[in-house]
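You will see subunit A twice below: alongside subunit B first, and alongside subunit C after that.
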Partner chain A sequence: MASQDTLSVSEVTPERTWRRFKFPGSLYRYLGLLAAVAFLSLSVNYLNIPLDRFLGMFGRVGDLITDRYYPPDIEYVTDPDYIASVIETIQMAYLGALFGMLAAVPLGWFGAYNVSPSRRFIYPIARLLTMSARAVHETIWAILFVTILGFGMMAGVFALTMFCIGFAGKLFAEEIEAIDMGPVEAIRATGANEFKVMVYGIFPQVRVAFTGIGIYTWDVAFRAATVVGFFGAGGMGWYLKRNVLQIETQRVAAILLSIVVLVLISEAISAFARAKVAKAK
Partner chain B sequence: MPILSVSDLKVRYSTSGPEILKGISFDVEPDDFFAIIGPSGAGKSTLIRCINRLVKPTSGKIMLYGDDVLRLGARELRRVRRSTGMIFQEFNLVNRMSVMDNVLSGRLGHVGNLRALFRQFSRQDIARALSVLDRVGLSDHVDKRADELSGGQRQRVGIARALMQDPKLLLLDEPTSSLDPKISREVMALIVEIAKEYRVPVLCNIHDVKLAMEFCNKMIGLQDGVKMFDGPTSAMNEGKLNDIYAMEVL
Partner chain C sequence: MTAVPHMDQRLDAFLAGRRRGKTTRTLIYLVIALLVIWSVKTTIVDDTDWERLGSVSDVLASIGNFLAIDWGLMPDLWQPALETIMVATLGTVLGVISCIPAIWFGALNISPFPPITYPIARLMMTLSRSIHEIVWALFFVAAVGLGALAGVLAIAVRSIGFIAKMSAEAIEDLDPRPVEAIRAVGGNEFQVFIYAILPQVLPVMVGVIIFEWEINIRRSSVLGLVGAGGLGLVFFRQLNTFNEGGVTAVILAILLLILFGELVSYFVRKAII
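Up next, the complex of A and B:
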């Protein structure tokens, strides 16, 4: 009989057992889960979230919109001054993303552990710079640069530059850390210095990814650019602030609508461009 | 005088880790086509990578072209590296660059930073690249991207890149292991021919014993970081091979 030397499933003795999570590990898993649940209930308890107010929220939103924000003052956002501020916002985002990425490419290279020219000195400095740019929120950068440089577009561009350094620098470094080290080794073996290794061994491997990240950075920078104006750093944010303070709610509604539309457009352009780039292997 | 002289080379990747090479010594003469054979994990790749200091040895001495490789500063090390061609198992081409750019990158040790950045290689370099590509039989693929080529063709690009360096020594790290038996033989034969034409000695890591016996004139047998054999291929026999691999090889 042919089946004699093969073991069918039913014949296997059930005493043999196997667990995916073995003893001390399984205990830590459950303890971790328990801690997460405990922290969640603690936070909810501490915040003292009044559920009735939360549930009544939707009705009040409806009232708010019909009473105060509707109809949006569309005429206000077609005013040439406002349009000019929109263009200023786009330019700010463009310049901020451009300067930010120019700084982020070397920072990403220096801050990528696998290829950093010096792991002991340059790497930690590059990481520190990128992290500090990231740690401070773009609105805080805006306030800071308005204080230093005064009101206007320049402060906004600087704030967005810092924001983009933090944003793109981290993504660039992570992208470089994932490259194939074989070509890097080969270029090094030709006697090339670290700069040439970057240009020939590293950059061609990340060029497409960098382009994608660059477009994404511009997209995010544009969203940030609509807000920095709130603190006097140029762009359409200033109009938002003024009308909020003057309780011109229908104008605020129109401005918010225009921001939503612009972000949608920029997101569509960015998605389209990134899809194009992804195809170019 | 030997081109390369290695003495008492020891390597550990970390202070507490195992010793990968346990005191290796050998000489490479100008006419040698040297094979390093041995089982996986014997330290063959590590040994090859020590020669141009892609791996930094723990102790020992490597004299290459009269320079003490382990004592060189960064600039002198690059000078030694640019005269030492290297060919890799996985080809290590930059896939998103053209064949021509990959071959030209062999000249990077000679061109300035700005020229390198804008890919402005001299006319001599370009002429040399074209003739080297002719020699390895890739003149029809100059403008293709490296990843459009087959395995055998890619390794030919790797050979061309190494030749661009005008090498005084070729280091080969398993140049045929990613190729099928027929292509392996062709590539190996091409390397042997080229080594003769350009009068360049070769140090070649290889695990295919048959290929090694056929193409190389000297051999080192490594086992577990220890040199078990060193001599002309003619002195190698079945008994010694079985010792090196701790099994019956042929």
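Up next, the complex of A and C:
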């Protein structure tokens, strides 16, 4: 054999150990990890989180559920008054999602970088509006509208409208940014104005996607609508708040269960409708 | 000449299909419009106290109160803003840790005993996603008392659903060959997980976790409303003392905080992925 002639690998190259991360990279990595751990422990310290009570907490939560929440007061949620409030909640979510989408379509058009009528002025304004509608939490919108418009479902509808503008506006803009620019240029070449470009060049391409997003928006709006009533904006949130404040825990458990069931139903309907829309494409 | 009547038939069928489509669409629009009218009547017309609302100028005046921003409050907002970010971060970390069983049970290809464990995982995800963070916070305030811990727990529980769902889907889509390779060299289940599954799903998971962290800042900024500290508590106090300018200042602070979160997540995403 030619084993005498060939050199083994270790004689040609010095012994090297393989490392996944080489020197400067590994240093940054460990420093980053260290900073993250330091920030976490600092936060635990700063927020006075009692870590020693942390493990006992699981037992406490379990006791709380079995002692106080366990037999949910199902009769309470089959009460006609409560069911009426559920229907009100659905109506609020429906109107909020619809108004929000009506406002979000132009905002999505203005806020899509590729087709925005004016990249320098309208684009940043539309982006800022969408971002602030999304950044402010729906409960804060609810509180603001309750302060301005008074208690009632109108405040809830407007709060959900703002929430849906933020939610759908972003998705609409992203959808428009992904379109094929060919038809848009073709319509532009015929001398059409920006509005005609939107109607004949952009909208036919995103119609199906917008319908899907619209259905999904309604689904998300319903989840948000279950709590806007908490701050006086109507719907089932008000029942939740009243029973939480009166420590009627079994009723609270029943209301929470009813919310979970309703959300499951709305998710199933929305998944079914979206599949139908995608098929009708 | 035979082709022409044939084409005619096809054209007729096409036009009839189009007409049918148009009818269904008109019906759908009609239903939507009727539902709008009904909902507007019950929610906006009947349920609003128009006398209390007053005229348009009254409404504009009360909006105007909010526009007189109380800039003097801004320096006092540093500390609650820091608390808000800390609650969001701790909640996200705790959520990531506690969603591991949900991911394990919820990915069909690695679920230990799918007929039982898969529904358990789906139930965990649905519960976490369908109950609003305010409600979770109320529950935990009742369980562990007022303070940041209730907020951290609420955020953690609320994050489980989204992170677990996306990660489980990523695991279901993974390439089985590395798994087989590690098994073939004699790796045990744990080693298979560390060397074959984790490297494949980590980029997706990191992206999902950063995204969730961003959302959690938004969530933790309102948990103070139910007694979990942070900017929400300041908001609540300003509102209850009728300092409308201060309310707007807090909202601006929340906006800045979320902008900061978006910047951080952009850079972290670039650095890691």
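As a convention for this text, the second predicted complex is superposed on the first by the 220 of 281 C-alpha atoms of A that agree within 3 Å, B and C clash if a C-alpha of one lies under 4 Å from a C-alpha of the other, contacts with A are read in each partner's own complex, and residues count from 1 in each chain.
Just so it is clear, a contact is a pair of C-beta atoms (placed from the backbone, for glycine too) under 8 Å apart; a residue touches a chain by one contact, two chains touch by 3 or more.
This one's a predicted model, so the numbers in the text were calculated from it and none came from an experiment.
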item: Touched partner set for A:187, first subunit B, second subunit C, both or neither; value: first
item: First, second, both or neither for A:48, with subunit B first and subunit C second; value: second
item: Touching partner for A:276 - first (subunit B), second (subunit C), both, neither; value: neither
item: Dominant contact partner of subunit A by residue count, subunit C or subunit B; value: C
item: Which superposed partner A:119 touches (first subunit B, second subunit C, both, neither); value: neither
item: Contact footprint of subunit B on subunit A as seen in their complex; value: 182-183, 185-193, 195-196, 199-201, 204-205, 207-208, 281
item: Subunit A-touching residues of subunit C, taken from the complex the two chains share; value: 32, 35-36, 38-40, 42-44, 47-49, 52-53, 59, 62-63, 66, 82-83, 86-87, 89-90, 93, 126-127, 129-132, 134-135, 138, 140, 142-144, 147-149, 152-153, 218-219, 221-222, 225, 229, 235, 239, 244, 247, 251, 254-255, 258-259, 271
item: In the complex with subunit A, residue positions of subunit B that touch it; value: 52, 54, 74, 78-84, 86, 88, 90-97, 101, 105-110, 113, 116-117, 158, 161, 165, 171
item: Interface residues, subunit A side, partner subunit C - complex; value: 32, 39-40, 42-44, 46-50, 53-54, 57, 60-61, 64, 88, 91-92, 94-95, 98, 131-132, 135-137, 139-140, 143-144, 147-154, 156-157, 223-224, 226-227, 230-231, 234, 240, 244, 249, 256, 259-260, 263-264, 267
